[in-house]
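In what follows, structures are represented as structure tokens.
Two complexes are shown next, each including subunit A; its partner changes from subunit B in the first to subunit C in the second.
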Partner chain A sequence: MVPHLVPVAERAVLAEFGEAATEAVHQAVLALDRALRDRPVEGQLEVVPGMVNLLVVFDPLVTDHGAVADALRARMSALSGSRGAGRLHEIAVCYEGAFGRDLQAVAERTGQDAEAVIAAHLAGEYRVYMYGFAPGYAYLSGVPEALHLPRKPAPVRGVPAGSVIIAGAQCLVTTLTMPTGWWVIGRSPDRILTGEGARPFLFDVDDRVRFRRIGEAEFRSREAGA
Partner chain B sequence: MREAVLRIVEAGPQCSVQDGGRPGLMRFGVPASGAMDRVAMMLANRALGKAPGAAVLEVSLGGLVLEVEQGALSVAVAGGGFVIRCGGLSAGSWSVLTLREGDRLEVRRGPWGAWCALAVAGDVQGEGWLGSLSTHALSGLGGGALVAGRRLVIRAPRLVPERAIACPVWARPRGEVALVIGPQERFFPGDRLEALLGSRFRLTDAYDRMGVRLRGPAMPPEGALAIPSEPVLRGSVQVAGDGVATVLLADHQTTGGYPKIATLVGSELDAFVQLRPHAAVAFRAVTPEEAIAMVRLRAAALARIMDGDQGRTGGGAAWG
Partner chain C sequence: MAINVIKPGLSTTVQDLGRPGYYHIGIPTSGAMDMLSLAAANLLVGNPAGAAALEAVFMGPELEFTADAMVAVTGADMPPKVDGQEQAGWTAFPVKKGQVLSFGFLKAGARAYIAVSGGIDVPVVLGSRSTYTLGALGGFEGRKLQAGDVLPMAAGSGARSSVSAGRSVPEELRRRPGAPAELRMLPGLYWHRITEAAGERFFEDTWKVAPEADRIGYRFKAGQPLEFVDREQPFGAGSDPSNIVDACYPYGSVQVPGGTEPIVLHRDAVSGGGYFMVGTVISADMDLIGQLQPHTPTRFVKVTMEEALAARRDRKAVLEGIAAALA
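So, the complex of A and B:
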């Protein structure tokens, strides 16, 4: 897949692989991301994978768009194509009471009962698609089709950090208390912003995630221990 | 004295601890943050012989009042034309000043500028996040907001001679700002691009460390209502479905689902943020190559100042 390379201001090249967020496009984004991690281009400062594109930020004092674009084309022609397995993370989620404040609404809108919603969510196999929006906001792909819903018409304020929220095919464990128009189905005691110096973010892009159901008692004890 | 203690008496919204920022983490959703006017931060630190990206107190238009509870130390204020008062004396931004125990320092908005950097001769103590004391506004992570009652401990405070700091002419805001069109200009028909380059815009009150919304002709994108969210840069000009443009700034979201009609040249950003709400601004398109030439020239000019001897020679008394 050959990306369209677009200069951005004086310090970046955006590699665009397509308009629609398909699996093939996203795999191409991740393949280039891996290639640039293993072998950075000269002057590369950071690489930001998106859904259908990848931003390569460079130091304009040492290189320019043309040189970076040439280097990106060279990397593209020599991609290994082997996708990493991705680390598997198990994330605990409590669906009870106020933690799953939208569980009933999701059940009604998807024509099933709340237990079926929980079972479907737990059955999903998720991949870390990208981070975006705010620190530690890791977008997970892989919400089963039976749970696909558009966002709410208006965001709800004050959704607590740790909320497990879904919209369309995506799921996210929030890290900040923020407004969201996604559906809140549970809360996790696990922290994506770990607070640990050696590994401040729990996931890398393309890691795998499974959810494990916990009760309120375990949530409380996990949270107290965190 | 090994420590000085500054107590914040009064602080406008958006006053916070900032430094050179935490670049390189946008892939985890973390913008670089750091001083809004990085040149001001660097020159303030430089005047005290500190590392260019050392932590400073960033003061917004809301102003800042602090009291020295313990110790004595020099401070340097750079950025904008803020007014500084201490005891019966007054000075402006671009000054190195001495504070003694019991002094009360007021930093207030002055004739121009929206942000200033107050550097201290000593080390600002605070809880860093991801290797930086910069405060990320949305989460509050980092060195933190400056709020009334907060005490800041400055380790190893020092005194240096009072003097003026030269304000480079390019540290002042201009009414015309250079940008590079794109990367999503394909969603904007020609008349929208003409509107961007041929109109006068005004900054609005919707202005914080994340970005500033502009008022001007509507430039609604076409066919871009559901574009996949993509990475953005500080300086991205993002246009929402209603055609209103926002320039993303230091604490920007790392991805955005609205198309970016243009991106401000990096060396324009520090002066751009010194424009106040309601100030007029026009945009001039340059090519990516011209943009690189601009930032290289600016970097050379800044390097001449940073490497020069102005930090070591005394000037006139800074207090007026």
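So, the complex of A and C:
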């Protein structure tokens, strides 16, 4: 798969593999990401994989767009294969009360009741697509189509850490109290951000995730034990 | 060898040149919003340009020194005082053991940089002493200063014989935002998704810095909403035309949620998301954003890649000029 290289800043290029978030496109993004981590290009400062594209930030006083583009094309022609399936994680989620503050709004906008929204969310098979936005924000793909909604028009501030949020085909368990324009449907007592030196995050990109429903009592006891 | 924090100011954090290299796991670079001013303050007191210093927003702290030090304050025009006696900005001055450094009211700009000879000696986290408050990472306990904090000064600090008081950065090398402030921008990846008329208005409008302006990003209001070209949204992007398939945001990228108020992502940027981006503010002008107060009139100025690269070289020349003037 040949990416389209777009100069998005005088210090950055975006390698675009496609517009639609498909499995093949994402595998190509991850393959180039691995290649650049194994063998960085001259002047490379940051490599950030997205769903359909990969951002490369570099020092424009050390190198330039032409040299970076040539180096990226060379890496692409010598890419390694897929890494294979990731591990499976089970994440607890409580949908009750204030934890699922947007549950009702999601139900109304998707034309079903709140229980059907929960059932659909639990039925989803999720995969870790990318880390982004903030420390430990692992983007999960695989939200069932019956729950697909656009983001809110503007972000809402102060959404608590642990919130289980959805937008489009994506789901995420937040790790910090942050603004979000996604829909808040529940909260998890599980810590994605473990803080352990070598493995600061619970998930690796490509891992799989299933959600398990818990009540408020179990949420409180798990949170106290966490 | 320490600084006692008597009053913390509004939001004072330890910052250096930041921690690039962790953006892919969502950890932003952080570091001084106005890196040129940080570098100037450090060079004035004989530190390396990237030593850890204090960034004070809108209101300065009150600090008691337990050892002699050389100090310099750059960036915002917020007059420093030693035991009540006013000192010049952009100029090195000594603070003796037991003396108190305080600040007058902000006259211009937004962020003052306070460098102390030897630097602020907080632990290095992921290669940097910068504070990332949202992630509670780096700096002094991962947060802004509080009254009662004791900031360690690096060993070997104290007024250096090689640095003399009174030396200053030449006036012509002090960069400040104009009125209106002008931020040069490279039109971006998704520029084709707004109409031509909307694109012209974006650069013609005078925007104003919104109250929601912090280290994560600066929001601008008072311009006209963007009009989008009709199109079919790709799978995964949602139906709102200001939404995209989640992508990585470079620092300085200008996202426009709902097509109404542009947000320029800054040093504590979120690394990715699904809002449409119209372009990227060039790196040479990111320092200026750090000096904008809420309500400051601001215009975005369209530049080419060649102009952006030339501006980057000019900024480097300014820094070299400051270093040469203080050598």
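Assume the second predicted complex is superposed on the first by the 161 of 226 C-alpha atoms of A that agree within 3 Å, B and C clash if a C-alpha of one lies under 4 Å from a C-alpha of the other, contacts with A are read in each partner's own complex, and residues count from 1 in each chain.
Convention: a contact is a pair of C-beta atoms (placed from the backbone, for glycine too) under 8 Å apart; a residue touches a chain by one contact, two chains touch by 3 or more.
Keep in mind it's a predicted model, so treat the numbers as computed, not measured.
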| item | value |
| --- | --- |
| Which superposed partner A:Asn53 touches (first subunit B, second subunit C, both, neither) | both |
| Subunit B versus subunit C as contact partner of A:Ala167, first or second or both or neither | second |
| Which superposed partner A:Met130 touches (first subunit B, second subunit C, both, neither) | both |
| Comparing the two partners subunit B and subunit C, which touches a greater set of residues in subunit A | C |
| Partner chain in contact with A:Phe201 - subunit B first, subunit C second, else both or neither | both |
| Contacts of A:Glu10 with subunit B and subunit C, given as first, second, both or neither | both |
| Touching partner for A:Gly181 - first (subunit B), second (subunit C), both, neither | second |
| First (subunit B), second (subunit C), both or neither touched by A:Ala154 | second |
| Doubly contacted residues of subunit A, that is, touched by subunit B and again by subunit C | 6-12, 14, 16, 19-21, 45-55, 57, 60-61, 64-65, 130-137, 176, 178, 200-201 |
| Contact footprint of subunit C on subunit A as seen in their complex | 6-12, 14, 16, 19-22, 33, 45-55, 57, 60-61, 64-65, 130-137, 139, 148-151, 153-155, 167-170, 176, 178, 181, 200-201 |
| Complex interface listing, subunit B residues touching subunit A | 23-30, 130, 136, 138-139, 141, 179-180, 182-183, 227-231, 233, 235, 253-255, 263-267, 288-289, 291-292, 294-296, 299 |
| Touching residues (chain side subunit C, partner subunit A) in the complex | 20-21, 23-27, 29, 134-135, 137, 186, 188-189, 234-240, 243, 245-253, 257-258, 260, 270-275, 277, 280, 282-283, 305, 308-309, 312-313, 316 |
| Residues on subunit A engaged by subunit B in the complex (per definition of touch) | 6-12, 14, 16, 19-21, 45-55, 57, 60-61, 64-65, 130-138, 175-176, 178, 200-201, 205 |
